[in-house]
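Before I ask anything, here is the structure I am working with.
Naming follows writing order (A, B, C and D), and every chain is counted from residue 1.
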Amino acid sequence: MNDRETRSPGLERLLLFSDGVFAIAITLLVIEIRVPAAGPDPGEAALGAALLALLPQLIGFVVSFFLIGQTWIEHHRIGRHLAAVDVGTLWWNLLLLFFVAFMPFSTALLSEHIASRIAVTVYALSFAGLGLAKAGLWRHAVRGGQVKAERPVVRGISRRVWATPLTAVLVAAAAIAGVPFAFVGFALIPPIAALLRRLP
Amino acid sequence: MNDRETRSPGLERLLLFSDGVFAIAITLLVIEIRVPAAGPDPGEAALGAALLALLPQLIGFVVSFFLIGQTWIEHHRIGRHLAAVDVGTLWWNLLLLFFVAFMPFSTALLSEHIASRIAVTVYALSFAGLGLAKAGLWRHAVRGGQVKAERPVVRGISRRVWATPLTAVLVAAAAIAGVPFAFVGFALIPPIAALLRRLP
Amino acid sequence: MNDRETRSPGLERLLLFSDGVFAIAITLLVIEIRVPAAGPDPGEAALGAALLALLPQLIGFVVSFFLIGQTWIEHHRIGRHLAAVDVGTLWWNLLLLFFVAFMPFSTALLSEHIASRIAVTVYALSFAGLGLAKAGLWRHAVRGGQVKAERPVVRGISRRVWATPLTAVLVAAAAIAGVPFAFVGFALIPPIAALLRRLP
Amino acid sequence: MNDRETRSPGLERLLLFSDGVFAIAITLLVIEIRVPAAGPDPGEAALGAALLALLPQLIGFVVSFFLIGQTWIEHHRIGRHLAAVDVGTLWWNLLLLFFVAFMPFSTALLSEHIASRIAVTVYALSFAGLGLAKAGLWRHAVRGGQVKAERPVVRGISRRVWATPLTAVLVAAAAIAGVPFAFVGFALIPPIAALLRRLP
């Protein structure tokens, strides 16, 4: 059996457009990192120090790259189980892509102000928006009968999509409460997703 | 029945190339928003004020993101009903993509000069050009017999494609007449499209 | 008959990757145009004058957009007649994409120095390289038996692919000879292509 | 026989997303090259000298373009032999794309500091990471039974994937040892790949 045959071209284009936005956002992250200019002192020590000073930017890049990448993997999982799209799906997906396209900004903000509560909170809230849009997209597709999958698979995804917004809200709360480097809390997404999926 | 089989690879490539341009233009919007640099005063209040000062840019980003997104959804609707492409279609589509690719510039202009009549007029006129190119593309495809759809569907699209250029011209006129924040008029596109479609 | 079935996934990926590079290069052109900053004098007259001063940049953007667009249409035409790819095709195509990816730079150079002989010459030569790579790609594919098309179609394309490099070399020569605005000569590509195709 | 039919949509999306990241990274390289501004002295000689001063940047662009391009060709070769994907493949591929997306930064660093040991070492190490991720992706796919190819083809690829990380480590070692222009050593990748493939 070939499941391609049951997929509409409208769905394929939705996924391709989404892949484009994900690919561009994830690749644009790096252009916010400015290479140290060749100054009057061209010594190796000066360049080494300048590169070390870029460490917060590099951390921001790595964190956002893998968070967007993991979101893409989840979007990929959702896409595999869609059999059709309606206009509502297009708009929910557009909302999700809005938050994806916003990530280069919130990442640059976080990188430039890595110790600031406001920066971490903005970053975490924009990621919470991304997670909520993804959960909304899935819910809309399930209710509209556009999902073709076994019941346990649907239930598993219906739960694990909440891991991202939940974690992001926790990170935002921790940042507001003044916890330093609260963004490392994003590493909890995979275990929280696994936990949610196994709830009775 | 599988409608993929009746679609030519030439058409698929046209849609993929277009999706690429849409995806890139929509994602590039954000890089025009400059993150406030870490200044000598690293206080949270200073960062909060700097972010508030970015509000016009953020509004520009949100408006353009959803206007381009809505244009993509309309392009998607047109693409679903195309069964073939000729060289004329390629050129009409290229003209449409020209205005899509121009949006990051007109958006940045609007964001930087959100109270300026000239900026709003340039923005609205470039959006009118986008709408006219889309209407021209559809008309060309219908006349050339490249559209495969029921008559009422064709008639519905033939009318609703005029909603964007009509609204954009109204916004430009309002901006020239000095109406402040004329660009919020773009929110009228969906009701105008619905109205046009229902005309006798 | 469905010609999709005879196309290999290797070929499809080549075309998709190429479409990506074309779409990005064509969309990146605009970010070289800097929006006039909101200065101390926020008057409409100042903004109008600043926009007029951007005219050379806008001309460069329009010229390059349609030249790349036309190259994409030719690449699209070549792609329709390919039935397979080998490693040589991949490398010829990569060389073509190199010149496509270089266009945002040569366009910005032309825009910034629109009256300079050197700028027009660099622009025209990089476009000549693009045209030569496209001709080389086609020749390689024809010789390697990767093209599936009627003989007259093959002959027509084998001739018209020379229109771009020929025109570009003429433009470069005119620029070196000091002809102002030599780049308008690129408008000759379509008639030269039509002429070449009809040669006995 | 049509090998498309045996390919899952999940695999196609993986390849499309990857193509997007490759296409964007390879096209973003050029925007790091700043066009000389029109200064007070608009003479041709001044522009010629300014362009000559960009030579290191142009070299960095050319080297990285063809290194990324060659990596894409190898990724293309791997993709042709995949018949399925699992979550592990998605993550290995994401790691590979991380190093691809990092290339515009390491290229700009190399271009700006072409004589610096640190810059060449960072560049070479990031390329070594790219090569290792590619080798890991292939190894994971082979072990997981996701590869459908003749044994000698599998063995050939299993060997040649080591050419990139091996060469990159040699270049890094040479740079650390103070060999000037060590990055030209990357030209050894094709012969090393050919050599590795022929080992008994």
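Structural remarks
Rule of thumb we're sticking to: a contact is a pair of C-beta atoms (placed from the backbone, for glycine too) under 8 Å apart; a residue touches a chain by one contact, two chains touch by 3 or more.
Only a predicted model underlies this, so the values are computations on that prediction, with no experimental measurement involved.
Rotation angle relating chain B to chain C: 90°, from a CA superposition, given to the nearest 5.
As for how the two copies chain A and chain B face one another, under half of their interface residue numbers coincide. One finds 25 Å separating the Cα centroids of chain A and chain B. A separation of 35 Å divides the Cα centre of chain A from that of chain C.
Counting only residues that touch two or more partner chains, chain D has 4, 16, 20, 23-24, 28, 31. Interface of chain B with chain C (complex): residues 4-5, 8-10, 13-14, 16-17, 20-21, 23-25, 28, 31-32, 87, 90-91, 94, 97-98, 100-102, 104-105, 108-109, 112-113, 115-119, 122. Of all residues in chain D, those touching chain C in their complex are 2-4, 7, 15-16, 19-20, 22-24, 26-31, 33, 35-38, 42, 44, 47-48, 51, 61-62, 65-66, 69, 72-73, 76, 79-80.
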